[in-house]
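As structure tokens, the structure follows; a few thoughts come after it.
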Amino acid sequence: MTVVNIQADTKLHLESPFLPAPAEIVRKDRLNDTETLYQLRLADGTELGQLPGQFVEVSVFGIGEAPFSVSSSPTRGDAFELCIRRVGDVTSALERLALGEHIGIRGPLGRGFPLEQMRGRNVLIIAGGLGIVPLRSLITNILDEREDFSNVTILYGCKTPKELLFRDELNRWQAREDIDFRITTDIAEPGWKGNVGPVTTLFRRLAVDPRNTVPVMVGPPVMFKHVVKQVLACGIPEDRIILSLERRMKCGIGECGHCQINGIYVCQDGPVFTYAELKRLEEAML
Amino acid sequence: MYEALQVHKRPRVAIFELASCAGCQLQILNLEDELVDVLGLVEFVYFKEAMSNSSDEYDLALIEGSVTRESDAEKCRTVRERATLVGTLGSCAYPVGIPGLKNHGDVEAAAGIVYGEKADLFASHPVLPVDAVIDVDFRVLGCPIDKKDFLETLTALLLGRKPPSPTYPVCVECRIAENSCAFDRGETCLGPFTRAGCGALCPSYGGRCYGCRGPADDPNVLSMQALLEEHGLTPEQIAADFALYNGYERGA
Amino acid sequence: MVDRVMTKSALAESLEQLAATLHVAAPVEEGGRVMFRRVRYAAELANHYLPTMLPPTKYARPPHEELLRFSWAEGPRVEPVFEAEEIVIFGVRPCDMHAFDLLDQIFSEENSDGHYQARREALTLIGMECLEPCDEHSFCRSMGSLEATGGFDLLLSEMGDGYYVRVGTAKGRALIGTFQDAREAVYEDRKRLRKTCLRRESQFEHRLEDTYDELPRVLADSEDSLLWDVLGEKCLSCGACTNVCPTCFCFDVHDDVNLDLKSGRRRRHWDSCQLEEFAMVGTGESFRQPRNLRVKHRFNHKGRYLMERYGVPGCVGCGRCARDCLVGISPIEVFNQLKGQPVER
Amino acid sequence: MVKKTLDVRVDYVSRVEGHGNIVVEADGDQVRNVRFEVTEPPRFFEAMLAGRPYAEAPLITSRICGICSNGHTLASITALENALEVSPSNQTRLLRRLLLHGETIQSHILHAYFLVAPDFFAVDSVIPLVGTHPELIKRALRLKKLGNDICEVVGGRAVHQVAATVGGFTKTPTDEQLVHLSRRLDDSGEDIEATVELFAGLELPDFSRPTEYLSLKSGARYAFFGDLILSSAGDITPVRHYREKVKERVVGHSSAKHCASNNETFMVGALARLNNGWGNLGEAAQAAAERLRLRENQHNPFANTLAQVAETVHCVEDAGNLIRELLDNRPPDDLLPVSPKEGHGVGAVEVPRGTLYHEYSLDREGRITAANLVIPTGQNLANLEMDMRQFAPTVLPQGVEATERAMEMLVRAYDPCISCSTHVIDIREMRP
């Protein structure tokens, strides 16, 4: 076909929303059997400039692309971190890459947590399983700007103690006086002295001020179902309950249709939503 | 699982043939433009159609054909034990293809028709697809396999990625090809039931789909049957139509 | 811009001249189907008009499209691919022009998708007004897309043995400048055009019981309709409906690798919400697995979600999906049944 | 001299299509027993056809063999058209010949270069030649591709084509495709020349055993299609009476059946066609045959490969002629309507390995009630064993390994297509 070079021919300035920027793997920490924490730096030296709750599309060329939440806080310098569970093609290929090798990054994408609206208020963070990954960004940011927030409560639940991520940080958070940090696991293991039971069990012993608390939760759909019920029971209005959804997505910019639930696009309108925005959407599976 | 070949620089490939027409192996030899490159990527160590020498040490095994006798099944099990990854080539191996037509009738009678009194010389049992006998890691579909599919599968495995395989039915590709639909011509077609990947080749050449790639991931079988009946097929004819390539019944 | 008038034979001649040097695409009939194809002679053009199998939007949004080329032989190198061929599409019907408008909004305004923009920019649309309905499946009037309101570079209206030509853009003006015997339209011509349009109005019935702006509400009220179950049992999930739809735009993305295992390309391919894999989530299940939900999603997307998002209907009433559905699922019937006609199993 | 017992056994002869074993049992140079065992899994094609609609027969029988799949399709179509009394258009006939030429070219090149040539370079396969003789390999691949591309243009794909059907073609190639193909055929001259050169230089084992040669006959044309069977003995049999000429029997060591003519073995294939049709070859092919010294070697089965090379030259030449004839007169759409009816028909086609017969009986709805398929390799097996019996003593003194090699080479020269041959039977009524 007669391919015209559009760039040269017209005044149109063409951009590809699919063009990733190269980023170097500067650190790789194995956290678990399946999770690895990657520290990355954009090759052009710029900062990613993410908001907590935003995600990036990661390319391993020849394998494909997949979305991952940024796990580090914008308050922490020019490198950024992704915590990735090995489940398939892209995530396995990532593991095979060595330090110094490059991957492609698109983003930050999507709508992050409403940090500004949270300032000056009580924050109640509820993480289930891998949900801690995006929330780690938010938590670190809040702790780095601790004076901007009132009471900070963090609840973190996992299936087993083995699955708890970021252990060093957990210990540090636990040691802090200015936050209330609690952990639970569904199943106990020998040596586990902490709470046993789902995240909701941590909730019972909590005094929540419905007028001034912003609950933020990320976790599996089952967790949402139960936690939302409890938060609502505390009297917190629907439009102040914040949650983040996960859907498979191919573009991350509201074109490909895969992450669409009813009329909204998780990638573009989310992944962070208020409960009020989602509650009537059957496909949100809440 | 698909990362398994990553430890080898030039994985060793063995190609085995059971009951088949050898057309899928031939398709590999038909890669005239790519064969030399392919030989740089892998080392064929067992490929009877093309080579005299052979070896029992291989990483990737490709099995062509259906299982028609116990010795075939035994061969599959040996291959499964020796190889790191096992894949199948073509419709005979999956869903069961033309050899499986035999299952539609009566095996003993079939032997009798072809070989007369000496039928018992050629003991054989109902025709099985390879995955009814051993676990299969991937499959290259088609009757014969498509050359492009084969290359995509090979490169995917060499990169440690799951080989691509459409989950949707042939109609998807047929509409994109802007073909006249067999149903519109008053004929019938197994396109809505059958896994895509062929680019709707047969309908594109004015024919219909016979189902050579087996069912798509999620066919609406009841609606499909109703559609065929509406277009004049009896339940027996529908069963016979499906049996052409899909003559092995899988457990639900 | 000044309207023109041309005779049919003059237009045919001008088209052939154009086609001698440029890719001119027009509806061509082959074995009972009409398709947009490259043409060289006016005689190739389809006589009667049925909406084409695939819409002309296929030229702006091809079924398979390269996005990136990359190699990682010596560090990663990646470049975007903007490919476009200059194509003059002749005979774009108003419904499809509305579809172009919607896609423009999504791929150009909402997102700056250079891959789409490059192709779109290279298209010249010569529209053709519809004077009579194409068949029982179309319902463009109900969807507000019978009237060509924009998107065209030139727009032809058949009048006797000639055409009334409206010029929509500078591109169109430049093009008509190259056409022979296109005289300027005068008052008489405009009067004749108005008459033709008036006559047309009565030819097209409203096939929906609602107008399109009521559809979002009707659909919102029909979340639990039995109809979805009935359709779910019928639907083959064959994806025909979405592939032929001019306003469908979902896609999947895959990497293809060259035989050097060090370079390749990333491409997007048409995808469909009617296919099971489309709405898979992490755990391997789909949040829209049951067929009835998939069908419901499609009609909601067409009649409601896009409307809510962009303020224009997501369906232009071309009827392609109904024409190509093997089990006869038709938006006219679906929308009307939701409105209150009885649902039968 | 001490008599020692020598058993030569080659399990699974390689570089042939399908599974076969060679068995030679000898006392000293006295050959006791010679067998070519076919161990290919039986596939019961005739039985599988029972009750199927006639239109499926070309598709099903194509799956007998991937290498001559299109030959099976065409034999099947021809038999069905005879049964249904359909007479296809001229364009259809030309396209069918073209399709078959494509397959013949690809099959002959595959056999000569990939399967036989390694023997002459003393390597195990064609793969080492990629490094040592890259030009030779590239040339072989180019020619093979040419053959496959002819099939693809005419039939939609190289293996198991999809366009030819009873009554004609569901889709015919465009003029552009044909013109392009014709240019490629014209451009293949150098490769053809080099191929003849290469094979003319090969030393054949010194062996000769006159036998009966059978092939199809069709006027003065070098016949790939035809209604008559010509024997080198001089007699001619109509194809519909093929059973009188080609008699099949089941033998214990083979899942393929053996054939005999007048109780004697006979040979089919390239050498047989050439011996019967020398004068009908195209000009270039005649010259090639001279250079390949085919006259001197006409009774040497090893010369079958050379005959294939000569036929390749013929097919390339003739394909060009066919395309010119096709382009001269393109009727738009000449697929004939076919209505099912009761009938019986035989069709024969010269596929790369010899004459292939398909025979069907149809009921009123056009369903197959009986089928008989006679495959070239099956026809050759008995003759092959006769050759082996006579050839073995001449190589036995060189030891087991040399004998193995020599016997394998002999088997390979026949270009047996074993999976093809594993399902042949006397016709009998079958339940639908």
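A, B, C and D label the chains in the order they appear, each numbered from 1.
In this section, contacts are C-beta pairs under 8 Å (C-beta built on N, C-alpha and C of every residue); 3 or more make two chains touch, one makes a residue touch a chain.
Just so you know, these numbers come straight off a predicted model, no measurement behind them.
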Innermost chain by mean C-alpha position: B
By number of C-beta contact pairs, the top two chains: B-D
Remotest chain, subunit D as reference, centres from CA atoms: A
Intercentroid distance (Cα basis), subunit C paired with subunit A, Å: 38
Centre-of-Cα separation between subunit B and subunit A, whole angstrom: 42
Mean-CA-position distance for subunit D and subunit B (Å): 25
Subunit C and subunit D, separation of their C-alpha mean positions in angstrom: 51
Set of subunit B residues in contact with two or more other chains: 159
In subunit C, residues with contacts to at least two other chains: 254, 257, 261
Where subunit A touches two or more other chains at once, by residue number: 62-64
Full enumeration of touching chain pairs: A-B, A-C, B-C, B-D
Residues of subunit B touching subunit D in the complex: 17-27, 29-30, 32-33, 35-36, 39, 44, 47-54, 65, 68-69, 72, 97-99, 101-102, 104-105, 109-111, 113-118, 121-122, 124, 143-144, 201-202, 204-207, 210, 240, 244
Of subunit C, residues touching subunit A in the complex: 23, 67-68, 70-72, 75-76, 78-86, 106-107, 110-115, 117-118, 121-122, 223, 249-255, 257, 261, 264, 266, 268, 271, 273, 278-282, 287-288, 293, 297, 300-301, 304-305, 308-309
Contact footprint of subunit C on subunit A as seen in their complex: 1-4, 6-7, 10, 12, 14-20, 22, 59, 61-65, 87, 102-104, 246-248, 250-251, 253-258, 260-263, 282-283, 285
Residue ranges of subunit C in contact with subunit B within the complex: 30-33, 35, 53-54, 63, 233-240, 243-244, 254, 256-261, 270, 272, 275-277, 291, 324, 326-327
Subunit B to subunit C touching residues, read off their complex: 34, 37-38, 41, 151-152, 155-156, 158-159, 164, 167-169, 171-172, 175-176, 178, 180-181, 183-184, 191-192, 217-220, 222-224, 227
